[in-house]
Amino acid sequence: MEEIRIHGRGGQGSVTAAELLAEAAFEDGLEAQAFPAFGVERRGAPVRAFARISDTKIRLRSQVYEPTYVIVQDATLLGTVDVEEGIKSDGKMIVNTSRDQSQLDIDTEAEIITLDATKLALDILGKPIMNTALLGAFSGATGEVSVEAMKKRVKKRFPGELGEKNAKVMEKANKIVGG
Amino acid sequence: MEEIRIHGRGGQGSVTAAELLAEAAFEDGLEAQAFPAFGVERRGAPVRAFARISDTKIRLRSQVYEPTYVIVQDATLLGTVDVEEGIKSDGKMIVNTSRDQSQLDIDTEAEIITLDATKLALDILGKPIMNTALLGAFSGATGEVSVEAMKKRVKKRFPGELGEKNAKVMEKANKIVGG
Amino acid sequence: MKRENREVMEGSHAVAHAVKNCSPDVIAAYPITPQTHIVEKLSQFVADGELKSEYLKVESEFSAMSACVGASATGTRTFTATSSQGLILMDEVLYNASGLRLPIVMVVANRAVGAPINIWNDHSDSMGVRDSGWIQLYAESNQEVLDMAIQSYKIAENDDVRLPAMVCMDGFILTHTYEPVSIPTKEEVSDFLPEFDPEHKLDPEDPKSFGTVGFPGDFMEFKYQQHEAMQNAKEVIPEVFKEYSEKMGREYNGLIEEYKTEDADVILISLGSVIGTLKDTVDDLRNEGEKVGLIKVRVFRPFPEKQLIDAIEGARAVGVLDKNISLGNKGALYSELLDSLYNSDITPLTINFIAGLGGRDIPESSAKKMYEKTKDVAERGYVEDEIKFVDLKEA
Amino acid sequence: MKRENREVMEGSHAVAHAVKNCSPDVIAAYPITPQTHIVEKLSQFVADGELKSEYLKVESEFSAMSACVGASATGTRTFTATSSQGLILMDEVLYNASGLRLPIVMVVANRAVGAPINIWNDHSDSMGVRDSGWIQLYAESNQEVLDMAIQSYKIAENDDVRLPAMVCMDGFILTHTYEPVSIPTKEEVSDFLPEFDPEHKLDPEDPKSFGTVGFPGDFMEFKYQQHEAMQNAKEVIPEVFKEYSEKMGREYNGLIEEYKTEDADVILISLGSVIGTLKDTVDDLRNEGEKVGLIKVRVFRPFPEKQLIDAIEGARAVGVLDKNISLGNKGALYSELLDSLYNSDITPLTINFIAGLGGRDIPESSAKKMYEKTKDVAERGYVEDEIKFVDLKEA
Amino acid sequence: MVNFAGIAEPGSTKNYKTGTWRTYRPVVDFDKCIGCAKCWEYCPEGCIIELEVDGKEVYETDLDYCKGCGICSEECPVGAIEMELEEED
Amino acid sequence: MVNFAGIAEPGSTKNYKTGTWRTYRPVVDFDKCIGCAKCWEYCPEGCIIELEVDGKEVYETDLDYCKGCGICSEECPVGAIEMELEEED
Amino acid sequence: MALEEEEYFESGHRACAGCGLALGARLAMKATGEDAIATCSTGCLEVVSSPYPESSWEIPWIHSLFENSAALGSGIEAGLKAQGNDHTKVVAQGGDGGTVDIGIRSLSGMLERNHDVTYVCYDNEAYMNTGIQRSGSTPYDASTTTSPPGTESYGNENRKKDALEIAAAHGISYVASASIAFPSDLVDKVKKANEINGATYVQIHTPCPTGWGYEGKETIEIARLAVETGLWVLYGKKDGEIQNINKLNDRKPVEEYLKKQKRFKHLFKKEDGSKELEKIQNIADRNAEKFSLDK
Amino acid sequence: MALEEEEYFESGHRACAGCGLALGARLAMKATGEDAIATCSTGCLEVVSSPYPESSWEIPWIHSLFENSAALGSGIEAGLKAQGNDHTKVVAQGGDGGTVDIGIRSLSGMLERNHDVTYVCYDNEAYMNTGIQRSGSTPYDASTTTSPPGTESYGNENRKKDALEIAAAHGISYVASASIAFPSDLVDKVKKANEINGATYVQIHTPCPTGWGYEGKETIEIARLAVETGLWVLYGKKDGEIQNINKLNDRKPVEEYLKKQKRFKHLFKKEDGSKELEKIQNIADRNAEKFSLDK
């Protein structure tokens, strides 16, 4: 079983990202679970969401303490939120930033993958909604979930043009990180 | 311990009578308890009240099933209410009626004492409030509680003229039944 | 029992007098049978200037308890009384009052909870809120209930406790019964009960915030503190009882009261006013040579686990009379007694009598039947029908 | 688990879908975290014409349940959902609904009861109303909760039961979690669940009166009937489960579920979603050679006394995890387990873990600690601290 | 035992005769009565009934239920109703 | 452990810096600012402060708390406040 | 005979002799007819009419609790709708306490949602069932067991809550006040309310001999005096327009009403009582002004 | 600077960026000053301002439950009185849901008893704290999570409850509506309410970017448009007399207000949406008529 944690801000769609991730994993034939950090956070405040994927039924109901993967939707969080907390040393962290990974001050042995998801989103969607780009990158960087499944589910969730565009974002991000 | 049951109609002061009886008994140095039949009866409906007197502390909390004494405030109840229920065969029943006891259809071995309490009340109080007359008669007929104590308590409860008049009613009723 | 101080009085009025002498600053109440005479008497005291309290005649029990919460938070002494539907209606505020650690005192005139609607006595109401973090005392007599009202303030306001307290008196059976009681004077009460002056209160001079959000990181600790306060109450209550006994000359000896239990083979256990009837029954049975005893549970919250175990030791069977039932399980007192006995060193046989629901009278004859049944269990060495509805009219 | 039918979905939405397929005639609800997504989804179904229900967006939970009482009395199928403060607020109506014998079904998104206010999961809310005469089911997973919602109607509406039923699902932990579930189609549900057509209802063609005054001469008999209905439910529930299992292909085997208990020395017992974590823990421990088992209490009301005793037989110690505590006594499940064990033939050692209050997470590491502690008790042969708050931050 | 959930039959309080509560009894003077039905309108017990007496429409009390409140007597516009003390019996 | 009954000190949310939530930052052009205090009036965070700059009364944001909502910028009658994207750091 | 002959609220109920409430219910049910379902909040009406296994009600009737009559009515209306029943009327009933105090939340919700329910409030101006405690509907200075006069008190210190205005402020299309002294008017108003599709509110003044302290036979007279003094104004308000004002030829001084009732006795005894009487006269005068009562 | 400089509702609270409610509370507290005690019902305001162990409040403050803010205030006032404190003000605060729905019983009781409490209702027109469900104060046709538009629905089907009228119908001496777009007016009204000895009610319109669907920076503009279209009327009512009507020079069409908010988006998309827009315009027009809004 792999555990994933997503960091973002209220309003950035971190929970949706976790859900899409679980849905896509299920689409790929895996068992999956997604849930938000149960909080009272308002728009703009740092939030977290989680997912679990596994090839056997998932029964565990506790929070995620040692994620294999961490996704950071907004690099402005890096100063305030402990994004590296508990991440497995052989895990991966995907960070939305225009900078280079060497410029990031993250204290972890896990591999750090960066991506300018904001730019990608602005380019294709015209809005700074970065979650689908990061999911595409997750797929590419980890291989845990296929980008096809991701695309399928995002199109299902957002029928019409919006879904198509997001699928495109995913595709592109997936390529960028080498998927 | 002696148990007393009082029958009347809502609004006729049966509960007050039971209370006065208990107070007077206490005044006489006895232990005492008084309580209404816990009901939802409205004015005019048949009601009951109870008292216990004893020379030792009263702890019993059940209802009264086999009273030694029964007081009937309103003889119109005789047809509808089972006033004789449970009365001890060596007990006494005091009935407010203008009739003679032989004219009453009450199926009991207990002694029946009659008194035209309504007339007495109307004469002295100017109102058909018969409870104090019946208490006076109770004192006279049973000797369980002194008429002095009764009078003292009725004066305490209804200060001024009203108390005085009621005391007079008690006194007179007490005499009538041979107290 | 100093006779000179005693006076025949209705139970409700006796409580009202006692409460008056505790000088509550704020009273907020809503009428409900059979609590009414208590709050009516207090109204009269206020109308006559005999009691200087702010008296809020609120529009519901929910607001009665809410107003008590507000008033108590300003550091004043508060009082309310209710019953049955009213108690259950304020359930949410009960949890709130205990969580905010406000030493509100409430008299509950115990009455059945509907449907069907029923105004008569049983304990479904107060037992139904036994999880809410309130101390619960149950009175046998009017003397006890008025004494407990006074004691409750001292218990609830104790710094190691600081929990609200409920004084339970059987509806009608006590509230509407006249009997002799002795009421401590205002001076005697003042001597026993210091003014309430809490460290934390709503005060513009020291503007704290109350009732903040308890996150998962802290919530458990708050609950643990309440649980601890309950444990502390097990120590504090006997101390308060002792002081009261000394000052007022009436004995209050502990969380439970034992009656002829020393050599008893069979022990009956219950709480509230039925204890009086059971004492008479025990005396009668003792006269007939039966080795029977009785335990009165005076304090139900905190639950007097140890005290009960000690008192039961030596008995072969115990019969627990509950005036309530948790539908689908058992009576509350029975259930909690058993959960206590399970890990004790004693193993009496047990049977649960569900009796007196909705005002079904419990005469001595029924009490005797319960004894017989319990004795029978003791003799057979096992219990067949563990939960027995007493005096049920069969189909 | 027929994969083809499964879909990843939020727990709340899964329940909403299941309820939709039960075609409730009337829904009345009031929002409260974490129940909101259930009632929001149902709102959307109604707005979209996918569900033809009268949906009352009432002004309080009190009215939500009251409206359900009114609607159910007209002979229609009703639904509501709530949580925490909302459940406690409707307490008075809960007693009413069960006393009137109305088979209302309610989903409770379990959440702590304040003060302090806390929106996270524990079981204080539903345990706090365990006396109210409602059937209570607790779900481990979203699959279970949606299945139970459907089953509940059949249980509640059964002529031998005719009691309202509460389906409890852990707030957030289930309500807000996406996971695969399989939802019976409307046709499948219809085949399982007949239309509700009660004999007695508010109907001008047959104008009966409901909710009359129950005098002391009758009240006890009404309560006894409710108690009997609860006993009947112990028979009816497994039958309903069986039929459901047969028709839907998912196993529901009884009031409790045993997990690797056969040869277990130590058994953990709990209810709700923590069961999932505990199963993982048991598997891990079994892998390490520990003889540990687990019991899931699926039905808490009526309380499955016999089933528990049978399942525990053979274990040396049981550890009961309660996500609630009756302040001043113990956790509810623990308390009632012990009151059941006391008169049984078995005498396992017992310990009560108070865990997860107000959303305190219960990771596997804590579950393991509970096991260790219970095993320790088994080995020592006695229990020292019977009530243990798990993962408490010490002062 | 009691029935399921305490359900009662419509109008069944008629089984209970509140006439036993009465201290005074209304007696209608049919000669005076003008059949205006005011007494019937105002009776809280709904226990006044229409009669034909000598071809005239008049009203009378059903003593099974009449509690003797006296409203009818008070409100009768022609003073046709007297309240008389009940006899013991 | 937690304090008695969850009591909090007045104004203590100031210990929490909501400035970290910000994506855009308001920058006041002191030259334009006419000191009308509209921004201060309308700020939901109450985090705008009066300053004297070159003897002139102007207003500026306390970035510790500013969430970057943009209201001040929107409501400034002279357009003295620009919202600028926060830099990562 | 102007009124419906059929009785839907039957004899054998246990109300006090001369009870205004019982008459009110009897009349309101005549307006309601047989194709209706009634709710009833806890209170005198419920207690006197439904001692298991008996009931005074000829139409389907349900009592649940004290504070939820309107919510119960909402649910019943919804249940009927769900069954496709568009003819059966729903009448939610409550005492003044059950309506204006503890039940006002559920009433407010029912009115806001505009359920097709007629709410009938029987106003006997106190909690009678529990023994005459003040309610929000108790008039100024009335003595009740929780608003007793005393050295510090003239009786009830608050003005009678104007539940009609409060209901009207919810924007429902009909509210009306009625009195048992005016049976046809009462029946007309309840009928009108029933005919309207949506929430309506009717408040009926129902004097109570036991609680107000007068003899049972005087119930109608007392009810009439309340109207004739202007202390209880009969009116309807349809879509915001006041209608059917019962103009008074010769408005009587409030004393005529008050002096007949023990609950106001203290005003005639206490020092300064006349000042209080003046205040009460002022209330009547303000009513007269507001409703242009005087002919 | 016209307004009190001191802050009593402090920074660091957790409201969404651009929250109208937070601004409303900040302004109301300026009117209240330091010698006051505030209550707060469960809702956004409470949650964002009191995460243990922190608080945004500089004055003594208490949260108890969702539905009892007014009752809590009653108790506090009584507690102060009992202590002989006749200077400290009591301000009871609630969201629209906590006030006009679940809290209306305790509010009604507090108003009836005429406690010396100022009740402030922060009206963001839905249950925001729980995720934007409709409340009794949600305007007609607004989309919320429990009043979603759909094939069978145009959004919220009930009219916005008129809590100001309901409060006024209790006969209290002052009610007022205010808006965060008009800070001095708001502060004046709360001050006035505080100065009155007795119960008063102030309802503040506080737009919510998250719940209404617009960007945080537009909060004031939206609030202003509500007033300028006549959908939210600013007025005071002192002893029954309407005062301080903010006359409009050139009342704007409601579309200008509605189209800026996602919660009304469907009206501009759905077939027949224009009919609904007309209905909403009618509401504004009726307001204009009732209050003679147009200059």
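We call the chains A, B, C, D, E, F, G and H, going by the order they appear; numbering starts again at 1 in every chain.
Keep this in mind: a residue touches a chain if its C-beta (ideal position, glycine included) is under 8 Å from a C-beta of that chain, and two chains touch if they have at least 3 such contacts.
Every value quoted in this text rests on a predicted model; they were computed, and no experiment measured them.
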item	value
Minimum number of chain-to-chain contact steps, subunit B to subunit H	2
Best-connected chain pair, where connection means C-beta pairs in contact	C-D
Centre-to-centre distance between subunit G and subunit C (centres being mean Cα positions), rounded to whole Å	38
Centroid distance [mean C-alpha coordinates] between subunit F and subunit C, Å	55
Between subunit D and subunit A, distance of the C-alpha-averaged centres to the nearest whole Å	34
Residues of subunit C whose C-beta touches two or more other chains	57, 59-60, 85, 89, 92, 96, 99-100, 114-117, 120, 207-215, 218, 221-222, 224, 359, 361, 393
Per-residue overlap in subunit A, given as positions that touch at least 2 other chains	40, 44-45
Sequence positions of subunit E contacting 2 or more other chains	1-2, 5-6, 8-10, 18, 21-22, 67-68
Subunit B to subunit C touching residues, read off their complex	18-19, 22-23, 26, 31-36, 38, 40, 57-63, 65
Of all residues in subunit E, those that touch subunit G in their complex	2-3, 6, 8-18, 21-22, 37, 40-47, 50, 62, 64-65, 67-71, 73-75, 83
Residue ranges of subunit F in contact with subunit D within the complex	1, 5-6
Complex contacts: residues of subunit D adjacent to subunit H	30-33, 36, 39-40, 43-44, 46-49, 57, 59-60, 85, 89, 114-117
For the subunit C and subunit H complex, residues of the former touching the latter	25-26, 28, 53-54, 56-60, 62-63, 66-76, 78, 92-93, 96, 100, 202-204, 206-215, 218
